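Look at the two complexes coming up: chain A is in both, with chain B in one and chain C in the other.
On to the complex of A and B.
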């Protein structure tokens, strides 16, 4: 691991709705180092995707960051101009999404879309960009890369489209790649190919990867460190081996035991009762207390801080 | 649980549903002037039987025909060829009216409970609708029955007058289950019933399905792409690839001693939530072929590490190798070969 690349302190994001503001990210803190793969894991409504959109500066029009700090290298992301942000995106940080079909433009060829960003960011000529584009497609394991350049997105399979997205995202050698559920829409044999590709690319290029997922299996496959989110907060943070061996927060433990295992069979699965709370009606005290097996009166009153139990493992719970 | 013999995971072997040489071909036309017609063999000769009280899991990736198989069994699609028997009656030969009556015994739970529930109907109306359509209850009686169904799936009485959008994904799936149970069916096809749910909610629904099966003596056909969930709930599992059943066996046999190289690769691709078991390489290369133009011979041969000319040219016969273990492969895996694959993986 190297230098610190990204530092997020107490990030808060809210959305304007008909019923006033709803805050979906409530004080998220984490950092990333160069060359590191960090996974943010959580269920729907945990705020994991909103955090990544805020980081990229691409929140929908009704959303805003209203508190906290985001520092990327030495730049304060909350203070830089729109123009500077645009330069940062693509060059320094880029993003891949769950469904590449909606992120690629259906009326242009793969080649056109790949060349566009290369010509814009590196001032390449069309021929140079074409050559570099083919190189990128080779890198992500697309067979027949020259032919693929003249194809349209709908002519490719889901796995190939995701490879194209990764090629595009990496074409400007970003320092940070944000991958929001990159394999959720893919079949399992294709998923394992894409995960392997992401691992290989990291070794080759030293790009830091922020992967957002709900799947603890994916986390275990690719992450160095893990941040677990629940109801807009970080509830646990730890290196990947430590987290799986020694999970502390009852929510993390619950998530792990509620997954059916491929290699063992139990009669009944452990299940976390209830559902993720609605962001406009958050419970007082610890946000997990209504679903927590350990909760008592104190939990309904005190909102616990994120507390480090050693230098790299933190948890937000007063009971463990 | 006492009546179920856990030893070999088989329930009393009374066949409730049987599928013989089932085929469904879709014709698709391309172009307008020079019309080109090609055939997608979505389901291409599938045989299996379902025992009373068991859960038969059907797994496979996109385009393998698992959902089409489910729709054929439900009578929602008409088979191109082949027969489906429910309790010795051939349902594939029934007319509309008879089919309607037969459907009382065959119900379905869909993947996305939001798009399969009418947003303008209250929970009471959604769950009660099958009873009204089949003229089985009305008035007070209907309300009582709906309430009982709601209790069965863990919904509260005060939620009766609410609309689907007021519920979370897991709760909506409970509504879908209650509706499927309304006609007291014998067989329920669960088509990706937990795939869209969060992990913690998925566990709740899987537990509920198991509880209901014990309580009501139900038989499930559980169609899904998520292997861990399928292993959890199924007694036996069938693996499909490009319209054909490639392997079918007891769940433990499928997971511990797979005979088909595809089954092995599929299992090996599942990410395991333990960083110590991180995969450094993968066994399976290549894409899933286009179902309208499948490879010759064994459909899996272009991706199979063991394929030779026989696999390229001849369709492997689907046959019973051990008691209850079916496979369609010219060269089923032996223990030796699975070991070779894993040592090669370790080396690389």
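On to the complex of A and C.
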């Protein structure tokens, strides 16, 4: 672990809808160090993907960051110009998306799409970019890399496309790689290959990885530290071993118990009752209280702060 | 290439069908002899003319005679101009092609930037203005637009000539009259196509690479949005040709359209048949071209 790379303080993101503004990220705080792998965990709708898009500065047109701070190295991401932001994107920070089937442009070759960011950020000529592109494809384990450069996305399998995405994202040696559910759409065997690939590449290049997932298996496999999100807030933060050994927040515990275990035979797999609340109808007090087994009256009134129980472990709950 | 050759072969039965339909239509809609002979002619004289032109033979015999000549490239002679009908049509072809290309250029120049802009500035004042304008452009009949253009820009303010062909200025009003409707259709299509593409995942990927927004829109989105647009543009060719019939008449533009309308009115069968045949060939060719361009634009489609 090294210098601090990223610091997010009290980030708030809202979307303009027909019924006014809806806030989906409500004060998210976390930081990342150089070379670290941080996992953000949570159900669908917890605001984890929106956080990553806000960080990249590519929120959809109706979305905006309306409060908080994002500092990348020494740059305040909320204050730099659009041009400076563009220079960071794809270069110092890059992103892999969930759906490899649709994340590549169907009408351009793999080569074109790989060369594009290299030519843009490193000012390479087409030939130089081609050479570097082939190198990147070799690095992510694509056989026949030279031929693949002239193929179109639809001619590759899902796993291969995700490798291409990783090659694209890593081609400019980013300091931060954001991986939004990188393995969700893939077969289990391909999943583990992709995770291993990301782990190996991280060791080689000292890139920090922010991995967003709902899969605790993935977290256990790659993360150093974990941030658990619920309803647009961080509810728990801890190093990976500590979180699995000693989860504090009832939501984290629920997530852990809903993971199937190989050595236990159960009739019904545990599940957390209910669903993530709709951002426009957030419950008062603790946002998790309607689904929480420990909740009492106090929880419906008091919105708990994120509080550190030791140097690295924080939780947002008054009951534990 | 094999695909293209196959498609060309498939057009032969289409052309055959077209000759049959046109042949029947021109014969069931009126008597050419009554227009060719003076009103005071006797019944005997009419009969003799009809006989000499072969109109008393059964219709299938007439059709076989006609087809026999047609495969030799002979469409028969025009009653009115007393020359070869096909030559007459081909002489008029450059004027129509000139008008069609000019209208298409105007349609593209208007619709591409407007369609893209109104998609990226969705629900803005500009978008409202463009989509409203597109509805208006589509709703205006082109003969009416033609007459209004003549009235305001050729009669009230004498900027452009009223009618005829010759200089570049002659081309302006008819191609605006004809291009506006097509531009309106294409603008709406480009807008909706762009809106759909801009919401796709690969657009987010392109942005995450740090590309300038102009590159994201013009390169990554527009290339994809073009695919449906090209198809519709090819279908617009028939609208374009239908439009030339009317526009050429309004502006006295000496093209196939004007010739065809006159020939229909005069029951000049050979000319009608030759003109429709040539028009049909153009429609088929433009559809074939669209098919090829479509395949070039979308690598997911194979040639087999």
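Quick note on the criterion: the second predicted complex is superposed on the first by the 319 of 320 C-alpha atoms of A that agree within 3 Å, B and C clash if a C-alpha of one lies under 4 Å from a C-alpha of the other, contacts with A are read in each partner's own complex, and residues count from 1 in each chain.
Throughout what follows, contacts are C-beta pairs under 8 Å (C-beta built on N, C-alpha and C of every residue); 3 or more make two chains touch, one makes a residue touch a chain.
As the structure is a computational prediction, the values presented were derived from the model and not from experiment.
J.: Identify the partner contact of A:47: answer first if only chain B is touched, second if only chain C is, both if each is, neither if none is.
T.: After superposing on A, A:47 lies clear of both chain B and chain C.
J.: Could you say whether A:121 touches chain B, chain C, both of them, or neither, answering first, second, both or neither?
T.: In the superposition, A:121 touches chain C alone.
J.: Using the touch definition from the top, say if A:154 reaches chain B (first), chain C (second), both or neither.
T.: second
J.: Just chain B (first), just chain C (second), both, or neither: which does A:232 touch?
T.: The answer is neither, since A:232 touches no partner chain.
J.: Just to be sure I read the superposition right, which of the two partners does A:192 touch: chain B = first, chain C = second, or both, or neither?
T.: Only chain B; A:192 stays clear of chain C.
J.: Which partner does A:111 contact after superposing on A: first (chain B), second (chain C), both, neither?
T.: neither
J.: Residues of chain A touched by chain B versus by chain C: which partner has the larger set?
T.: Of chain B and chain C, B contacts more residues of chain A.
J.: Now for A:88: first (chain B), second (chain C), both, or neither, which partner does it touch?
T.: After superposing on A, A:88 lies in contact with chain C but is clear of chain B.
J.: Would you tell me which residues of chain A are touching chain C in their complex?
T.: Residue positions touching the partner: 53, 56, 58, 86-91, 94-95, 97, 99, 102-108, 116-117, 120-121, 152, 154, 165, 168.
J.: Touching chain A in the complex: which residues of chain B?
T.: 1, 61-62, 168-171, 198-204, 206-207, 210, 225, 227-229, 231-232, 251-252, 255, 265-279, 281-282, 284-285, 287-288
J.: Show which residues of chain C lie in contact with chain A when the two form their complex.
T.: 200-202, 204-212, 220, 223-224, 227, 297-300
J.: Which residues of chain A touch chain B in their complex?
T.: 43-44, 157-160, 187-193, 195-196, 214-221, 223, 240-241, 244, 254-256, 258-263, 265-273, 275-276
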